[in-house]
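Okay, so subunit A shows up in both of these, paired with subunit B first and subunit C after.
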Partner chain A sequence: MKRFLIGALAVLALAASMPLIFHNEYFFFAGYVVLQFIVLATAWNILGGYAGYVNFGSGAFFAVGAYTAVALYKAFALPLGLQILAGAAASGLLGFGVGMLTLRLRGIFFSIATIAVAIVLETVVLNWHYVGGAKGLPIMRPVETPFFASHTVWLFFVMAALAVLAVGAARYIETSWIGRGLRAIRDNEVAAECSGVPTLKLKLGAATLSGALMGAAGAPYAQYLSFIEPASTFSLNYAVNALAMPIIGGMGHWIGPVIGAVLLGSVQQIVTVTISSEINVLVVGVMLVVFVVAAPEGILGLFRKLFPSRKS
Partner chain B sequence: MTPLLQVKDVSKNFGGFMALDGVSVDIAQGERFGLIGPNGSGKTTLINCVSGVLANDSGSIRFDGREISGLPAYQRTRRGIARSFQIPRPFASMSVLENLLVPLEYAGTGKLDEAHEILKQMGLADKAATQSNRLSQVELRKLELARAMAARPRLLISDEAMAGLSSNEISEVLEILFKLNAAGITIVMIEHIMQAVMKFSQRVICLDAGRIICEGTPAAIVAHPEVQRAYLGA
Partner chain C sequence: MPQVAHPAFLVMGAYATYVLAGYGVDPLLAGLLLMPVFFVFGLGVYQFYYSTFEGRGSDQGLRGIAFFFGVAFIVQVGLILVFGVDQQLVDASYIGTSVEFGEMRIPKRMLVAFGVALALTSALALYFSRTFTGRAIRAVAQDEGALRLMGADPVRIKRWAFGIATATCALAGALLIIVGPVDPNVDRLYIGRTFCVVVLGGLGSMSGTLVAGLILGIAESVVLTTAGTAWAPAVAFGILLVVLGVRPAGLFGR
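For the complex of A and B:
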């Protein structure tokens, strides 16, 4: 625990000192996206990796966070911290609601419901004129950001803090009795229940936390782009990446989604710059297929095969 | 003294097929109880209803004097009902030791020593670190019992834990169950291996097509004409 805390502080200090090393704004612009994917992938893994309940609609949870923040910003000019809290609360509630409706049933019903929710919510936002509807809405960035070189650098730091928080939460869960309960659910739900595991409560808790973290990742999105519109906010890209990153990195350990997010996130940034962002989903899809077939336990699994004695 | 488990008029229907048809039975605190019957007679269905894996359609199930038939399975386990599964259901991604830690943490004492103690008792001590999907069928059956014991039950239901075991191993498991019983745990044994049930049980019921066809001491059961016809194939 202590080692992890020191590591977390070191990461934050590193994030804060980045502006001393990199003066190119693009580094922070791209770094933000990678950090955002760390949050999304880690959040997805809490329910999908540990408990085995697959969320296909991560984009919707992300978007609910983003639009909650935008609506509150427009109405009350809430500061970013409160926007993030509100976005997390709204998406956490969405996770809880979808969970209440479907987590009593077999896992496939939850997965289908997440797809349905994504479609319904996108339609709602398309027709919600207060936040710009289909046309979108420009968001004014604050003119000044104290202590930080630019607003992008500030957002980069905020997302780094969220990533540390998300990974810390996932790691806590993984190494505690909660994580053991979630794994028991994934392995055999009936046996878990008969071993005293309150399966419904644990799944609801995981769905709520997972949703909340995705919402938190989405909340600063409009400020980051200075703009918001439904098509890119609800993009399939989020849903695909949120599950591809943990699968490719490795789902059993908290570092897996981080590895997957850094790798896939960076590859996609490079592809976006050198070719076009249009083919990102294709790139991720191909990598996903390759891993599922050749290395179903992800990069961590490969690593364990290479160094079998090491227990991680 | 009220019986530890009171099953009254319990029925279970699978889409028109009566798997249990008005089953009533009381099991006393500290009893060693045998449950026999031909394949498909409803033995597993009965303990699924008792343990909460299935909801009974009608009737009442009381444990320690309190109605439990509406409770989710995990609460029944926490109140003291633990079971093994006829078809083993290990937590396959976990080691043998971790399999025991789940009930230990969620329903039992939470003491790690106890898990090691149970593994030693069950002859699985040297497998503690083995991933449970590498176990043999026989080891998996032992793990089923070990995991149930880790929940610190007052009532332990063993659903054909001995199938496939050698006669030496059967004696070993029987000895363990006798010891648990001597320590105050009530035990229900479902078994096709007649010598084992007969040796172990103080009282036996025989199910056939979802009904209890007779009840009595092992000797009386074996002699019963309906049991002979339905089960022993005589």
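For the complex of A and C:
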């Protein structure tokens, strides 16, 4: 635990000192996206990787966070910290609600319900004119950001803090009795229930936390783009990425989603810039299928096969 | 089986019909011609799925879902790359004309699609209730082990079922593009409609599926005319969520 804390602080310090090394604004613009994917992938992994329940609607949780933040910003001009808290709370509530509805059923029903939630919410937001409806809504960035070179750098740092928080939460769950319970659910739910694991409670808790983290990742989104619009916020790309990254990185360990997010996130940034954004989407889909088929344990699994002596 | 790529196969069927129709083939005939092709394709997909996931037997649930989700995503993006995001449509003698019944005018394309869909569903219902293979398909859903004890091979039965389902997609896709224009993104809507109809009707019940299809169609039209087109996509998913929460077995489920 101590080593992890020191590591987390080191990562934060590194993120804060980035402006001294890089002066190009684009680095932070791209880095923000990668960090955002770390949060999303880690959040997905808490329910998907540990408990085995596949969430196809990550985009919806992300968007609920984003739109909660936008609505509150427009109404009360709340500061970013409170926006993130509110976005996390709203998405956590959504995760709890979807969990209540479907987590008693077989896993596939939960997956389908998350797609359903994504489409229903997208339709609602499309018809919600206060936050711009289908046209979208421009968001004014604050003019000054104390201590930071620019607003993008500040958002980059905020997202880095969120990523550290998310990974810390995932690591705590993994090493505690909660993680053991969730893994028992994944391996054999009936047996887990019979052995006294409070399966429904654990699943609901995981769904809530997972949703809340996705909402937190979405809350600064409108400020980052200075604009918000439903089609890109509810984009299927978030759902696919949030699921592909942990599967490609490796689902059993907290570092898996981080590896997947850094790798896929960077590859996508490069492909988008150099080739085209359509190809970039295709790359994710193909990589997902290839990894699921050829390396079901992800990059971590490959690593373990290469160095079998290393225990982790 | 976590087959979530089905709507993507449906859109693929629609696009294949579109391509054939470009050579002057009647879209309905094209759908029929595509059925055996899709059947073989379905057999192949299942065989691949079986040998990589079910055969290994390790944690197939999650990875199986992810696999089909990825396949659906690749199909969608592939179609966008090849055909673009624009809507495509086909032409035939019965498209664009209508039949009059006194005050009512019913477009012929709707009648054609309705008739073919009804015939196809009836044929499938007969197949599942009367033939040995059809009954075996329903049995494999209930208890694989018992089926194996009866001397039938569950893998062969499931492969056959997957082939039939995929072949149905070809004809359904042809109907889809006869009824209206199709673009690569519609599979996201159809994933909701498909599951809504299946869950509302009750898994495995053919008559329930017909009734649920009617209910969903009427509900969507009512919302379309009262609340406006913008709300229509939410109908199927709204019903689906309610059914999942209130009565997961569906209307006719056991």
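Keep in mind that, in the parts below, the second predicted complex is superposed on the first by the 312 of 312 C-alpha atoms of A that agree within 3 Å, B and C clash if a C-alpha of one lies under 4 Å from a C-alpha of the other, contacts with A are read in each partner's own complex, and residues count from 1 in each chain.
Following the convention adopted for this analysis, a contact is a pair of C-beta atoms (placed from the backbone, for glycine too) under 8 Å apart; a residue touches a chain by one contact, two chains touch by 3 or more.
Fair warning: this is a prediction, and the values are worked out from it, not measured in the lab.
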Simultaneous placement of subunit C and subunit B on subunit A, clash or fit: fit
Broader residue contact with subunit A after superposition on the shared chain, subunit B or subunit C: C
First (subunit B), second (subunit C), both or neither touched by A:56: second
Which superposed partner A:199 touches (first subunit B, second subunit C, both, neither): first
Touched partner set for A:300, first subunit B, second subunit C, both or neither: neither
Partner chain in contact with A:278 - subunit B first, subunit C second, else both or neither: second
Contacts of A:190 with subunit B and subunit C, given as first, second, both or neither: first
Which of subunit B and subunit C A:119 touches, first, second, both or neither: second
Subunit C, subunit A and subunit B - angle at the middle CA centre, rounded to the nearest 10 degrees: 70
Partner chain(s) touched by A:66 [first = subunit B, second = subunit C, both, neither]: neither
Shortest CA-CA distance between subunit B and subunit C [superposed frame, angstrom]: 7
Subunit A residues contacted in one complex by subunit B, in the other by subunit C: 186
List of subunit A residues in touch with subunit B within their complex: 177, 180-181, 183-184, 186-188, 190-200, 252
Residues of subunit B that touch subunit A when the two form their complex: 51-53, 72-75, 77-78, 82-83, 85, 89-94, 98, 101-103, 105-108, 147, 150-151
Touching residues (chain side subunit A, partner subunit C) in the complex: 48, 52, 54, 56, 100-102, 105, 107-109, 111-113, 115-117, 119-120, 122-124, 126-127, 134, 186, 236, 240, 243-244, 247, 278-279, 281-282, 284-286, 288-289, 292-293, 296
Complex contacts: residues of subunit C adjacent to subunit A: 2, 4, 52, 58-59, 61-63, 65-67, 69-71, 73-74, 77-78, 80-81, 188-189, 191-192, 195, 199, 230-231, 233-234, 237-238, 240-241, 244-245, 248
